[in-house]
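In the two assemblies presented below, chain A is common to both, partnered first by chain B and then by chain C.
== the complex of A and B ==
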């Protein structure tokens, strides 16, 4: 049973990161109908920005920037860069064809990756300390298993962010406008919603989510954690799997699928170390979405699109 | 005012002959007048062109997004590597096997392509690209793939000799005792041989692509891309068309991977072209050259290899414009430059280099197709109208008429 709970908890905390990145993918897809291929790279870039901000000392007053302050800087940065991507690249190309946007976002993916490597590449020296207590003694024992504070923190942050997003979508005017644009852009325009602003805002929101995920994930890599150009690549693959599994237009689907993928892969690695083990965890996740998509082509929670001819 | 020439008239034939002569000149120039390094690079370009052509068939003509072609590329590479290293096959004979395996696996993986649409398909094929290196490294598959170490010693040890009618034919430009092009011997014999072998496969792939695109299958494919429901209503067998084309595409990609591993003398899960980077490279080449054109991938691959080579070493130390612009980068600026170029390309010329050239040429020369029937009723063309540059990405033309 100990092994079960340990794998469960590790699965939930790694699934939390997948969920955050997947949420960003979903927010973008709902708003503009594009797959943000650069979401993972946005998270990596933001993690770099967080590490730079944390290493900075404020002039005159000589205060060190605390880690949470650096995380906020990274979030603002992620918001701006992501919104700029929408305004400068996605919107003009979107008028042409969705495939053009897809290719352009792959170019953005490649460009940010190369930029990271070029600015901070060799030797890797940027580090991010964890947002949560991360000393060797910082853990709680639950059911006889070790639950580290940083993992609990990641999970809690994800749940809080999901709740906030739910409130944003369900209870606020901005959320209402976002839903209106997602369901029908033309009608949204007619009732006076500034659709361009809302779309840029959706992308910005996704960028901020990416920044949170990137900073937390980098901090969880070690004490302090190393930021590398390929930091978020595997996470992005998991997150895209989660977003697909949950249905690309369902935020709650992304969170449920992200957590489930985290749990399933870790349980599989725990109970079948010979066949799956740590190396083949990703394959389990990908096999899962493959099977699910064959049965339900729009994911578990996604809306089935019916086209009128 | 564009000059109007009728199809198959002497000027039109002249243009086509010019095109063929330029191609033949390039094909002969590389192995005879350049050094071994250039031959190796251009051989790589040919192999990448085959892979990009395969992707173009699916994505450019078929509109089926695939990020999984690096897996087929790697599959071919590993087929050759395993057969040569473990079973002692000769390199050349592994190519048909790679084609067969690629075709079968491609048909099998096209099953989700029949059910999934757009973005979902992109994500599943992305999974395929990520999965392939993992499967190769899997400890249960190590007996076959040698795990993360990879398989080496699969290239030719010596220049292969072919005997034809009791005469030795060597790729160094010697038939029997007669050396017909002394310059052909300038490069390393094996590199020259790989050039000709890759060129042969590329030519075959081009013919296959051309055959598919200009046939009923190709027209069905384009119809499915442009309006799937309408195509189905018109009687196009969607699943058969997609499965066939995906299988052919995977087979082409696999044979390109075979050539790649023989040239590079290595098959390893760490090779860039066997991972997702490979898929992105093929996509980049396809878009650079021109999606949904037959010559696009070839032109794109040559340009890609050229740009990659020119910028790989550019950095702070190298002077010049590149050093000035990208001196701040601590790593090679090649992929950054390629990404920026790709982005600019999407805005300026989403139809690629070949598409751009075609549109530019259309300002000067218009080939008027000969009309069916008596040949007297030439179609009316509004002379004042310039060809529109603002066409959507992936134009609906079904092929080149150089």
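== the complex of A and C ==
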């Protein structure tokens, strides 16, 4: 049982990062109908910004910037860059062809990656400390297994963010406006919603989510954690799988799917170390997704589109 | 002063001009119908007035020039449009559709208005927590109208409300529009292909053909004019 709980917990905490990136993909997809290929790179770039911010010393008072302060700087940065991507690239191209947006977003993905490598190239020296206590003794024992504070923290932050997003969409006027624009942009204009602002806001929100995910993930890589240009590559693969599995337009779906993928792959690696192990665990998760999507093409929680004729 | 005074309106898509110098007015408390066949420019005229496409000319609303205003500002000033086809938000519930209809309002009376329109459209009240996309065509059209009314407009633009509806439902819908006008004094600009029914509730008629107004007059006069009826209305 110990091994089960340990793999379960590790699965949940790595799944939490997938969920956060997947949430960003879903927020953008609901808002504008585009798959943001650059969501993972946005997280990496924001993690770099967090590392730069954390290395600052404030003038005059000579205080070091605390890690959570650097994370907030990264979130603001992620928000602005992502919103700017929507305004400057996605919106003008989207008027012409959705395919052009698709290609442009791949270009953004490659562009940010090249920018990271160019600005912070070899030897890699950018580090991010964990947002949570991360000394060798910082863990709790649950059911005889080790739950490290940084992993508990990641999980808690993800749950809190999910709850806040739920409240935003379900209870606030701006959330209702975001859902309305996603549902019918033309009518959104006709009820007086500034649709351009709402779309940029959706993208910005996704950028801020990416920043949280990137900063937490980089901080969990070590003590302190190293930021590299390929930081989010595999995470993005998992996250886009989670977003698809959850149903692309369902935030709850993205979180449930992200956590499930984390748990399934880690359990598989734990119980079949010989022939699955750490190297093959991604394919187990993807095989499960394949089966689920065969049965439910619109994902676990996705809206089934009904065409009226 | 007219509620709506349109002079020399030109509008279209890209390089193509659909409307050529349209003049039309709507007086306070009036129902005006624009009749025309497919492709005459009815929807384009609606979009030009509500600000969702580029336009030239002058559009005065209560004497204020709204030609260069954005759709958001125009809604705020008091013009609400029920667009052609489904003007609702299919993924939102009926109640959420009504709440978002009041997006531009900051007063505390939104809940009061929702109750008011539930009384006017009892079928919407029965379906308040259903998704709008699951309603029948007629119910969706009623929801689109109620949603438009949530912004407390002084002028309601209705783009072919009869489209795709059974004749009986269309009749009910037109009665409701007539009732709204009579009870609340909301001016209505209606574009329609269904000339017969529309002229029964309208006071004045404009005939639109390939982007130009070709005839105008009282609804009764136009309806009684055989030559106009045969040439443009086709019955």
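One rule holds in what follows: the second predicted complex is superposed on the first by the 306 of 309 C-alpha atoms of A that agree within 3 Å, B and C clash if a C-alpha of one lies under 4 Å from a C-alpha of the other, contacts with A are read in each partner's own complex, and residues count from 1 in each chain.
Quick note on the criterion: a contact is a pair of C-beta atoms (placed from the backbone, for glycine too) under 8 Å apart; a residue touches a chain by one contact, two chains touch by 3 or more.
For clarity, every value in this text was computed on a predicted model and none was experimentally measured.
Within the superposed three-chain arrangement, the count of touched residues of chain A is higher for B, of the candidates chain B and chain C. Once chain A of one complex is fitted onto chain A of the other, the partner contacts of A:240 are limited to chain B, with no touch recorded for chain C.
When the two structures are aligned on the shared chain, A:303 is found in touch with chain C, with no touch to chain B. Once chain A of one complex is fitted onto chain A of the other, the partner contacts of A:193 are limited to chain C, with no touch recorded for chain B.
Of the two partner chains placed around the shared chain by superposition, neither chain B nor chain C is touched by A:273. Taken together, the chain C residues at the contact with chain A in this complex read 50, 52, 70-72, 75-76, 80-81, 83, 86-92, 96, 99-101, 103-104, 133, 147-148, 150-151.
Residues 29, 34-35, 89, 92-93, 96-100, 102-104, 106-111, 113-115, 117-122, 237, 240-241, 243-244, 248, 274-275, 277, 279-280, 282-283, 286, 289-290, 293-294, 297-299, 307, 309 of chain A are the ones touching chain B in the complex.
The touching residues of chain A, when paired with chain C in their complex, are 173, 176-177, 179-180, 182-184, 186-194, 303, 306. Chain B meets chain A in the complex at residues 63, 65, 111-112, 115-120, 122-124, 126-127, 130-131, 134-135, 137-140, 229-230, 280, 283-284, 287, 326, 328-331, 333-336, 338-340, 342-343, 346-347, 350, 392-394.
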